[in-house]
Structures are given as C-alpha cells and as structure tokens.
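What follows is a short report on a single structure.
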Amino acid sequence: MSEQEAYEPRIIAFLCKWCSSAGSDLAGVSRIQYPANATPITVMCTGAISPMYILSAFNKGADGVLVSGCHLGDCHYMEGNYLARRKIHLVKELLEFIGVEPNRFRMSWVSAAEGAKYAQVIKDFVADLKPLGPQEKLSRTKPEAEHL
Amino acid sequence: MINLQDLRDTARDLLAKGEARAVIGFRRGSRGMAAEPAFITRPEEADELVWDPTCVHNLALYLVEDRKFLAHNRAAPGLPIAIVAKGCDARAIVVLMQEHYFKREDVYIIGVSCEGTGVVDERKLAVHLNGAVASNAVFDGDDYVFTTVQGEKRLAARDVMADRCLECREPFPREHNAVLGENKTGRELAAPFTALARFETLSATERWTYWERQFDRCIRCFACRSVCPMCFCDECVVDSITFPVTAQTTAEEKANRIRWIERSATRSENITYHMTRAMHLAGRCVDCGECERVCPVNIPLRLLNNKMEREARERFGYEPGASIGGASLVGSFRDEDPGSFIR
Amino acid sequence: MPDNIYLPELARVAYIKEEVGGERAIKTFRIEPVNGKTFEHECGQCAMLSLFGRGEMMISIASSPLIKEYKQFSIMRVGRVSTTFHELEVGDIVGIRGPYGNSFPVDDWRGKNLFFIGGGCGLAPIWPVITTAVAQRANFKNITVFYGGRSPRDIMYKTELEKLRGDVDVHLSVDKTEEGWSEFCGFVPANVMDKSPSSENAIAITCGPPIMIKYVIQNLRELGFADDQIYTTIENKMKCGIGKCGRCNVGKDYVCVKGPVFSWAELKELPEEY
Amino acid sequence: MEKILDKKRIDDWINALTGWEILTPALEDGVWAYRPVSGAIRLDHTNTAQPPKGLAFPQREVFFSFEQIKGEAPRLTQILPDAKQRAVFGVRPCDGRGTVRMDKVFSDHAADIYYQSRRKNIVYVGLACNQPPGANCFCLSVGGSPISSDGLDVLLTDLEDRYFVTAVTEAGKALIAAAGGLLAEPAANDRAQVEKVHAQAVAHPQRAIDKPNETPAKLKASFKSPLWEELARACIGCGICTFLCPTCHCFDINDEVTGSAPMRGSRVRTWDNCQFPDFTMHSSGHNPRENSGARLRQRVCHKFQYFFENFGMHQCTGCGRCITGCPVGIDIVSVVNKVVEHAG
Amino acid sequence: MTKKRTGVFVCHCGNNIAATVDVARVSQEMAGEENVVFSKDYVYMCSDPGQNSVIQAIKENRLDSVVVSCCSPTLHEKTFRDNASRAGISGFTCEIANIREQCSWVHKDKTQGTEKAIKISRSAVRRAGRNLSLEPIAVPVTRKVMVVGGGIAGIQAALDIANAGLEVILVEKQATLGGHMLQLSETFPTMDCSQCILSPKMVEVSRHPNINVMTYSEVQEVSGSVGNFKVKVLKKPTFVDPEKCKICDDCTKVCPVVVPNEYELNLTARRAIYIPFAQAIPASYTLDESACLGLNPIRCGKCKDVCEADAINYDMRPITLTEEVGAIVVATGFDLYGQENLGEYGYGKVEDVLDGLQFERLCSASGATGGHVLRPSDHKVPKDVVFIQCAGSRDPAQHCAYCSKICCMYTAKHASLYKHHVPDGRAYVFYIDIRSGGKGYEEFVQRTMEDDGAIYLRGRVSKLYRDKEKIKVMGTDTLTGQNVEIDADMVVLALAMQPSKGTADIAKVLKIGRDKDGFLAEAHPKLKPVESVTAGIFLAGTAQGPKDIPETVAQSGAAAAKVIALLSQPTLSHAPTVARVRSSHCTGCEMCVTACPYHAIRLENGKALVNEVLCEGCGSCTATCLRAAIEVKNATQMQVFEMIEACLA
C-alpha cells in the first residue's frame, strides 16, 4: 500500500446541532458508509464557531477542519449561518493568504435531510486531504526548528 | 502646508480656556531627528509641540491608556482630552468610539492633514542617507528636507515615505473638532493595497515560504499588540495565563483561562498569534501601520491586516473607521455576502 | 544545589486538611518524597511546588526542619496552580524543588523571649519557627503567639494552637466576633497593644497581610522593639527561585535568594516593591 | 596570539572550520541577523538587530518533558540542548561584553546547565568598530569601547584589505589554529596601523551618559523621583527594549501541554520582560510595580545601580538597541542623564 | 472545589454499536480520563435495567456528571438527563456521545470505528467535566393567545382556545372574518352551503366573551418569547362605527365612487363605502380610504350626510395597540396562484377564462349573478365549459412543484355544480390524474363523472385562444391519443394554492421559517406538524400547506390543543443553557448586541446584559466577542477547546 494510502488525515468537523449533525445522523440511519477520519464536534450553531476554534484545531495538529451548518434561511436561529459565512470567509481567506493549502479548510451546508451529502462531503474532504499529507504549518506537534 | 504656530495656538487655547484637560501631541525627542509623544497640560507647554515627517505615532493609543487609567482609579473623565490626529489616527479614534470605548464628547480631535505627504519610514530613509544620521526633518511641499552633518538633504517624500502613507486612502482626518491643512484625499500616490496586490501574485508555496521566514523571526516582544489602539483588551489570548486580569478575577476564572497560544516563539505559536490578531482586527484595523513600524524584526504585519481590510471592503462593503454608529464587521451580515466557497 | 536547578523531585500527597473554607480557602498538604529521601530545609525557607501541565508556585514550608519524613504546606486558593492544588487527593503525585531563600536565625535567639505575630494565612511561614522553638523549649524564655483571623472560621491550625497552650502563651483574636468566641475581638496589632509585650531581650516575628505587618511593626516600635528585634517575611512573584528570572527582584536583592526573611532593619533599606 | 588575515581569505578560514556551525551576520528582509553561513560572508553590518544573546539563552528553552498516566507517577525526561560547536563571526564589542554579564547571571551562583551547555560550545569572533558608531551607540559611557575584546574569543580589526586577528582566549587560539597556515604573522606596520585604527575608533564622538561614575548613587537617591513616571509616560509596555538587550535575562517558566490522553507536554522557559505590566503581578492581583514609571525605573536601575552593586559593573553595554528599537522614543541615555541631573 | 466525578456508560445497542466498535475498550479508555471515576459498557443502556444501572451508579459513586456513549442525542439525551435528575443530579451535567449514527453505522473497520468512538466519547467526557449543574429557568406565562388570520382556520382555533377558558385576540387583515371559505358556494363532497356552515361560527366568535375580534388589522411587530410575547397590532380606520351602524345601506346608494369588488373576485363592482358580504362580521360598513374622494365634507361627504345613525366618522385614524400574549397561532391562509405568474391559459387576458374562486361566486346564491351561472362577458349561459386542473401546480419547470391537493376535488365539485345549474351544458375536465384520497371523495368524483356526466380528459391543454364568441381549447387526450379541440364558452382554471401575500411578512415579523415554497415551516414534518420553529408560535390551515376544510379544521384544533396545553402550566421552563457575561472582560463594544438574533442582549452601564428568557443559547455572541466575555453555559469556549484537544489527543 502506497504512502499516501497509509496516511490518514485527522479532521475536526464542527457541525451545527440542528442541520448538519442531524444530517450526519441521517447518514447513519441510512447506513451510508464514509471514511472515519472526521471527528464531529457538535455546536449549537455555526454562528457560534469562533475563528479561534479553527486556528486552534490546526494548531493542535488537525490536518483538515470542516465547518458545516444549515443552508441559508434554514438556520434554527435564523441568522447564525449568515454570521458564520462572513467569519468563515475571513478565516479561509487568511489561511490561504499565508499559503495554507485551500483544501485544508472547508465549509459546507448540510441540511437534516442530506445524509448522503454529509457522507459525500467527508469522502471528498478525505480524498482532497490525502495528497496534501500531514498539516505542519500551524501544528505545534511538529518538531521545532531552533530559533536564532 | 500646516503652520506649526496654528497647531500650538490651538493647543494653548484649549488648555488656557479650560476646554481640555490635556493635549496629546508630538514633541522633539532626544533620539536624533525623531519626534516623540507629548502630553501637555499647561498652556505654556504648547510651544513644545511639533509637526514634522517624524510624527509617526498613532496617538489614539494614549486615549485608550487614559481610559484605562481613569477606570483603574474609578475617576470620571471630566474635561475632554485633546489629541493631534492624522487621517489614520482619526479613523482609529472613530473605531474606538464605535466600540463605545469612549464618548465623542470626551475627545477633542485636532486633525492634521497629511496633505501631499505622509510620514517618514526610518528604514527607507537610512538607505537613502547611507550611514549619515539626520538630526532634523521638515515638510516642504511634496518633499522632506533633512539636516545631516553633511548639510541639508532634500528627498521626494514618496521615496522615503512609509508604505502605509503611500497607500493611504484618506490622509485627511474626516472626524475632527479642529483641522489643520488642506483635504488632499485622492492625492496621486500609490493605490491602496498596492503591496498586497503585488504579494498576491505569488503562488501558495511562494507565499508560505515567505511567511514562514517572517514568522520565524518573531521574538514575541508584543510591540505590535502594545502599540495597537485596537488591542485594548485587558486579557489577551497570548498573555501568561498566570496573570490575573483584575483584582476581582476569581480563583476559578484564573484556573480556567484557556491557553490558546503558548508564549514560545515557535513557528506554530507565532503564526497562530499573528493570525488571531489579524482576525481580531478584521473590520477594526484602520491601517495606521504602527504594528509594522514598531516591529524590531521587520515583519510585514500590514499585509495581514490589509488583506482582512480589503476583504471587508470588497466583499462586505465594510469600511472600518467610516462611521461612529453602525454594526461591527463580524457582528453583522448582508444577504449578498459571498458564499461561493461553501459546498 | 542539584546540577539541574529546574528539575523537580516527585513527592506524594500524604495528608490533606481543610483549614479554612470559602472563596479564599486554605488547605494544608503533607507531601513525602516518592523515593524516600529529599532535601533538608531551615525555618522560613520556601519550596517550589509543581503540578505538571499546570505550572509551579513558590510556597513557604510550614513544617519544622526537625521533621524529615514529610514537608507541610498551607496553601490558599488564589491562583491557577493553587486552585488545582486544592483539587488534589491523597496519593496524588506532585513535583517539588528547593529549598529556596534564607531562614530565620533561630539559633541566634537562644535565651530570648520570642513573640510570634501572625494574621490570616501568615501563620504558615512562621509555624516552623514556632514548632521548632517549642521542640527545643529549653533554649528559649517565654514564647508568645499572637494570631488572628477575620472570624472564628478563618482561624487556621486550630487544634495545633490549642496543643501549644501550656508551653506557649497563645493570644487569639478575630476582627468580627461570633457566638461562643471568648478571646480578643479586634485586629491583630490591637491585640498586641492590648497585651503590650516587653521588648526586653525579645525578638518579634511577624507575618500576615501587608497592612497588618505595617501596623504590627509600628506598634512594636512603640513598645520599644529595635529594628533588628523585628523579623518578617515577604513574598513576591517567583518563577525560578534562584535569582535569575528577575521577578522577585527588589533593589539589588532577589527575594528568593536574600529573602524571604528580613529583619525590619534590612527591610526598611529595600525599595518598597513587595 | 596575533595574526593577519587577507580579507579575501576569510571564507577559506571558515571553510577550514569543519565540524563547526558558523554563524555570520546576514541582511534578511532588511534586518541584520546571525544566520548559518551561506556563500561569501559579509561583515559590513553596523550591528545586528538582535545581539547573539539568543544562542546561549534562546527565547524558548525546554527544561524537561512530562507525561502523566492516570494513577501512575508522572514521568519526567530532562532535555538538554544538543551541544553543537558554534563560531559566531562579526560580534561587536558591546555584544561581547553582553555575554560577560549573561555569564555572571547564569554561571556565578546556582549554575544553569541549559545556559552553560550552550554557552561552553560557542566561540565569539568579534569585530572592532572602527567605522563611525551607530546613532545610538554609547559604549564608552559604560566602561566599554569600540575595540574592547571583553567577552570575545577572537577580535578582528578591519584594516581595509585585511583583518588584524587577536586571539583573546584559548578557544580563540584553537579557532585560529584550526585554520592552519591561513593566517600570517603580523608585520610591524600592521601593529602600527591597528593602534592607529583603534585610536581613531575610540576617538569617534558618541552619545554619552554624563556622569557614569555617579550614576549608581544618584539613581539610588532618585528612587522616589516623580521624574520616572513622567519619563515613562509614553511607554507602551512592549518587550523591545529588553528582548533586544544583550544583557537582559528575565524569563518566564510555563508548562506547554502537547497532548491530553495521556496528559503530556514540557516545561519551558521563555523570555520575559520587566516592562510587561503583569511581570511582577501576584496571583492576588497585587502588583509591586503597578505603573510604567516603576517599570522604567526597574529597568534603568537594574542596569545602572542594582547590577553594579552586585557585580561592580553596569548591566548595559551601550549598544543602543533599546533606544533605536523603542517605538515611542524612550531613550535610556537621556533618561539616565535627566534623572541623575535632577538628583543634583 | 473538588475534581469532577464523571461516570461513563457505553452502550452496545445490541450489535448496532458493538459490531463496529470495541465498546469494552472505549469504556476502559474513558476510565483513564482524569475526571472519570466510573465506566462501564452494557448491551442496551436505554433499556430499563440499563437506565436503572445509570441511576444506581450515580448514587453509589457520588457521580456529578454523566456521559452516555450511545445513539444520537435526539433519541435518548432526554432519557438519560431524566435519569440523572432522578438520581438527584442536574440533568444538564449529562452529555451524550453519539457513537452510533455518527460512528458505528457509517464505518465498517472496527479499529477505525473504535478509535473514532473513543475520540467522540472523550470529547464528551471533557465537556461533561466542565458542565455546570443547571436547573431550568422558570418563566411566568400570559394566559392569553393571539390568532392571526380570521379564516376558517383562525376561527376554529380561536373558538377551541376560547372555549378552554383562555382569552383570545383574533386579528384579521380584511374588513370581515371568514376568509376564502366565505367566498365558496358549496363544499365537497357533501355539497352543503359554505356560508351556511361558516356564518354560525363567525357569529359565535363575535359573541364569544373570551374572544376579541380585530378586523381590518395587521400584526406589525413581535417581541418577547414563548409565554410572554408583546405584539403590536395596527388597526386601520373603517371610518364607520360598528356600534352605531344599522347596515341600512343608505350610504352605498349615495356613494359616487365605483371600484371593482375584490370579495367578488372583481366580477362585480362595489362603492368606496361597502360591506363585503351580507353576513360580514363585524356587521358594519367600511369606507375604503384609497377609493374615497377624500374623507372630506367639502370634497364629498354624501355618505356622512345620509347616515341617520351618524355612524360615519371621517376623523378615524389608524391606531397601534400593544397586546401581551403567551402564544400565537398563525392562520394566514392562502391565495390563488396569481395571473401575474401564470402566462398560459389566457388567464387574465382572455375573457371568460375564470379561476376557481370566481366560479364559486358565479355559483353562489349570494354572488354577483344571484346563483345563476352566466359567463361574465355577455351574461349568457355557457353551454360548453372547460375545467383545467393543475393550473400552476405540479409543474417544477415553470410553476409550483407541489400538488395543491384540493383541486381535483373542487374541480369535480365545480363540474357537478355546473351540471346542476345547466343540465344541458357540457363540462369538460382536463386532468393529469385524479387524487381523491379522503372520506367519500372518490365516490364524489365518480358521481360527477357517471351521474352528472362530466367529461374527463386525461391530458394537458396545449393551446387556448379567443375565437369570436368562443374560446378555442386545444389539447390531447393521452388515453385515446387523439387531439381534442373544444369551442368553449367558458374556461375554469383550478389554480395552484400558494401562501397568502401576507405570509412572508408575518414569518419575518414572528421570526419563523418558511419552506422552499413559501409555506410556513413546521418544527418537524412528522412529530411537530403544528409547531413553528419558534417556541410558542403555532401553525394552522393553508398557510402551512395546501389542505381542504376538514383538514384545516382538524389542524386548527390540534394547534389549539397545543396552545391550551402550553398555557395550562402556571410557569414555563426555559433551557438554562443561555449566554452569561463575564463582566470583568466585557468592554461594552456592543458586537454581541448586534449579533444576537433574539435581541436578548443589551448594554447596561457599559456592560452586556443577557435576558435569559429571550436567549436561545445559539452562541453567536460567543463567536463575535473578541474577548470571550460572553459565553453559553455548558458550551463554553473552554469546553470546545478541550473537545478539540480530546479529538486530537
């Protein structure tokens, strides 16, 4: 088995409780299989996801971070995902700006009815991450170059 | 062309007439040609004030310090505090007021227009003076004139001007009580975000190699944070977590401080620190460029903040420091915000 | 001095007692070396306790040097590390390094009257001196302990203090009295004035909140105590314990090296940065 | 031991030093910094932005790592820095004298093995300042000089086309020896020229502390002076002055957690700074040095009074970095002068 | 302060989890966690013995927090929180680790599955380790209800609620109650007269001591939350005092202004002052401000002059009333798919092409033609009438994707009504297929075909145009495959049902969601069909989706029952997981205030202050605050921080 196949990216998936987490539940109920790389962290709303969470996940060694919430207009809290969209956009731009591979950070809308989509999102994410190899740019777990 | 006497007279009158309890401005420093922040409370001190290309500091910071001082001593502001503010400084003051850090009536803004020029970048100047040391600097139209041991040296301002000034969107302090100098907004210097645009032509890998080198230099002196008027939090994500925020902070709170970022100047922590700062300044940074100026190891911090600022402008139609009222960038949204990146 | 001054020894928490409850609770911990042997210390010295993953804190050793099998610390819950310390259970392992700082010149005090004046958790730093003096009772003349807390509930070492009576004159006080409190009511300095001890052939050792120390010293001098008859200990933020990290620096001295014990004669020469 | 080295041959000398890591000043993104040598070496720096302090006393030093499995005793592993041999070229005399002061702190009493294991493997090849001094240099005021070899192992003096090489220590001699026949014996005119150059260097006008000898006493007398607060009014409490200082050694110790199942991490030392407001703050919230005035006083007095009282020397080498670097123009020379003058 | 004592319970869920997750290992790994003092796995945690073992373990081990690694929290979070409470600790200290839906059911590899299950459980343990023992917040309730919409849905709900002894405010936009049902002639399948069954209810409403009817009124603004809403209602002026008005009709006789009568679907005209129907409630005239010459005696004032009761008052002004209610029922009804949307079938362009409601009016005895079916253009009796079903429905390409559900039935009704009125006429019905689910529905359609002889043609109408007297209707009968061409006198379109115009606005005002078709969204399609996503706001009638009268009435009853159940409690309980301000960190920058979708935060002397009843705990404030000065209890940044750490440990 090639090196790339051997490497299993570690993904943190921030899911909103009402849509995406429910969506992933539906994927479960429908027994749709997808890779086990993503560990879900359920939050009340994507609007509650502070940019710190994302930076911190990378800092703690995540190879990829996913933020998933309700489609626009479906937010259980009406506006949370609109606020999130703006914040996440900025984080994404910033990460790419300093040269972090765009594929390491991803946002998606997955409704409670889109179990299949959730599975697909994870499949794609894992597939896109594998060629990139471990994330070492923001990760503190990486051995340190001495500071002069 | 600003007449220094007008500046001094304005300051003197404010103090003499008891309309301000102090004037924050610039005075001649002891270090070569450089000006330094001045805090004058007596009318006769007004003549210490100067206005020249070395008035680089964003004095808005000291309004924050003043607030903290008052809060610490549970004192009421009383008379307003007057401050000499360039275009960018005035924008910073507006953001602070937008965030209710102090009230409009607590500040008397003596605006100074940067007109045809901005302020000098000592690093650029050093190159032009190769070795010589300037003891004095004055504005002269679109030029700076420096006094060195070899005599006078006249340089086109734009050649030794700080990048932040070259790219300045508004050299005129829109928000002011009194203002000196003409409104030369829209002067023909470098377009805003020029450096940013240049940088963005690089590939992702090139960008990373660049930032890697920059962040590796950071020694975590936190000057970028200390000098920033927007970094007024009492507790910062990178502070030593053994430090109690206030005397009232409970043992519980101290024990439960989150250590987002270590104090070690390692790459991962440095990057996370600077990224966090950029995020926290998104929609608040007015590009006064102080962080970049003070950095002892010359990290181009403006690029990060500019990036956020341009996103805010172009994608969200948001302009920091434009109005005192109005929602914050991250506390609001528009239906037409970009969302194409979402799957 | 070990060759790596930053590397702590491991020690086991053998005994925990809650002295005082409430927001600023005080707990007493006995810790014994895991590998059987540990450093010796003198009265008044401190040790750096650590919880791995949380950090270190400098605490004065509250047990007498005569006790070798364990070291005792009375810790108030104020900061990050101390709060976590209060969560410990018997058997937990902590780190310890030391001893740091100078000590009370107990031997120079042979044949003298000793007055100990403590307030709040300020009893802990002078406790080793008291217990040592009592253990070597014959070496000293009268031993008197003044100690006070906000209320009866804030009195630490209650049972231990009771045990002292007989060997020692114990004068307790509380700022606010409560039902069933028979002893002095008022601040510690007042209690001292109330008993007005003689400065004759005497040494006064005081420790407690800065404000208390200030007035105690004032009163003692009124009672005729000379500057070199008065001893106290001061604390500053410390990180290294060996005069390098710069935190506890006061004037030319480092509290972790030249302190924490100072005679008033020495202390008043120092800049007021403690 | 004194030698002469043809400037063109300095690279050969460096190449001859096999097994050594060679650091030389390099201009990177507009900043002079010590970097592992690559290509032809440049020694035309006024001085580096940072002193070589970090080589023996890095911003981050790992003391030991720990791992704690629930119910078991924590496992501690001491981590000593790897002892690679380093030669640093182009160190200015002020920074050479900086290392002397660092040695005092970390080696005199309670030796610090982390500092020492790095320090003992570093050889400083100094370069005398015989070009006009930087705008904020004042080494002469603090007992130093542009040609001082204090704390250096080798001192180079630039004689236009060649270097006059003086070995100061045994380590220095060894370094020269390693070059074999590369370095020649100096001729009489070389010595004459060195003396001339040195004389000129010392004669260059510098900024000056007016009464260096009276300073400690005058500072002691000025502890309660209102001047401190006034002079520190603009201070923003950043770490530039101390982090760029060749002699500042204050540090913080923290536990860095890298994993939580089981809990593991390391205890690390990082630079800290007496100008940070929280530096001396007690857990109780009480802060012995509450305002920037007190903090400026601490920095100045520590350098010009306390250290002097303890070691008989100023803890300042006049490199002027804190002046050049200060974002708000706080200028230790004028601060000292003002306070001393004010003390009468 | 002591360490947390957490218990972990790992469920096998038979083989559902155990098949792909080594449950024993998960439980053993969790035992290694700092705060965990008890850890076990069991075959069915949610079974009675399972639940009891949780309660027992809590008591025996003095647990203060619980983590159950099992199925999705949506299924058993409540179960185990109740167990926790029964064991004497706060239910909010209990966390669910979803290792079934999010793990065992979606992975095959046991090693990977187990690893992931451990991560998920560990992060739940870390979170539980910092949970506060919270108890629900008790909220006093206002025992008063607002029903928005005075159609049959609103009327029914209002009556049911009022009869349960609660006060009701019934708000209707139009000048009369009744809604669309009042416009119908007969109702399928029983063919009883619509007005005859509706008007008694309208009267009952108007007379009911517990019901306050506000017609010609609109909801403008809603604040507050379940149990305590504050509603601003705008009452438009009718310029006629219903108390005085004798409905003598003198005023209309003198009114010089003539405008189309919307209540008659513009088949007839009315005056500027008018009464929508004879049976209108309130029984009073309304002066249409937009049509009137100017509410000014000098301009006109004829009506005022003739009114003997002196009921007319030109000085009436709009008034805004603020009502406090504990719950709201939204029954804003439907509109027909408007001609502005429907290009085909000459609707609104070709004369004598009518929509369903217009045809109802033609058949209605109270209608323009006095119950005679005459075509509008020339008042002749139409001999050939074409009925077109699914006009705008079931057409995802151009129009509504959904089926409007009632068209099959009312078209059958129309056809048979027509045949009763014009026995020698011919009724053609173009249909895609017939959906007649419902009691007696299929039989009704059969009767229409067989007894009344309506001609059903399966297929769509391809072309339709006016040809002098006639309307040429061309289409294909897909059953015979033949092209059909009919010279019709009249065409009736069974237009799609869509949410009434006001629905979008009311949804915005009430902050309740709408589905993709614009109908009000129910909280759960199956389990909460009459609840909106916002607590305390319920849905009834066609505003929620197309339905016929019996269904509407049933749903109204259901909504009423929910409201009654809700307000029968003395106090409501509100989740305690709400935002809390760390005022030592708050600088009063107001970012959270603007970010809060519930307007639950305000500044008070320079610091943010949370209204715990309004706060839904979404956490938008947390992510917006730069200083972590505001956090949601039991979902703090510290907890997320540690969960991230746990997942990457």
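Order of writing sets the labels: A, B, C, D and E. Residues in every chain begin at 1.
We adopt the following convention: a residue touches a chain if its C-beta (ideal position, glycine included) is under 8 Å from a C-beta of that chain, and two chains touch if they have at least 3 such contacts.
This structure is a prediction, so every number in the text was calculated from the model and none was measured.
Note on connectivity: the fewest chain-to-chain touch steps from chain D to chain E number 1. Chain centres here are means of the Cα atoms, and by that rule the chain farthest away from chain B is E. Among the remaining chains, E is positioned farthest from chain C, on the basis of C-alpha centroids. Distance from each chain's C-alpha mean to the overall C-alpha mean is smallest for A. Note on chain placement: the centre of chain A and the centre of chain E lie 34 Å apart, centres being C-alpha means.
With centres taken as mean Cα positions, chain C sits 53 Å from chain A.
With centres set at the average Cα position, the gap from chain B to chain C is 49 Å. Shared interface positions of chain E, i.e. residues touching 2 or more other chains, are given as 1, 595, 623-624, 628, 637, 641, 645.
Each of residues 55, 77-80, 82-83 in chain C touches at least two other chains. Residue positions 51-52, 56, 79, 83, 87, 140, 144, 147 of chain A each touch two or more of the other chains. Per the touch definition, chain E reaches chain A in the complex via residues 72, 74, 98, 100-103, 105-109, 112-113, 115-116, 119-120, 123, 511, 513-514, 533, 595, 597-598, 616-620, 622-624, 628, 632, 635, 637, 640-641, 643-645, 647-648.
Across the complex, chain B meets chain A through its residues 200, 204-212, 216, 237, 260-262, 265-269, 271-272, 275-276, 278-279, 282, 304, 307-308, 311-312, 315-316, 329-333, 335, 337-339, 341-343.
Taken together, the chain E residues at the contact with chain B in this complex read 1, 130, 582, 584-585, 587-595, 603, 606, 623-624, 626-628, 637-638, 641.
Partner chain D is touched in their complex by these residues of chain E: 29, 32-34, 122, 126, 642, 645-646, 649.
The part of chain C that touches chain D in the complex is made up of residues 1, 3-8, 10, 34, 50, 52-57, 78-80, 82, 93, 95, 210, 235-237, 239-240, 242-247, 249-252, 257, 271-274.
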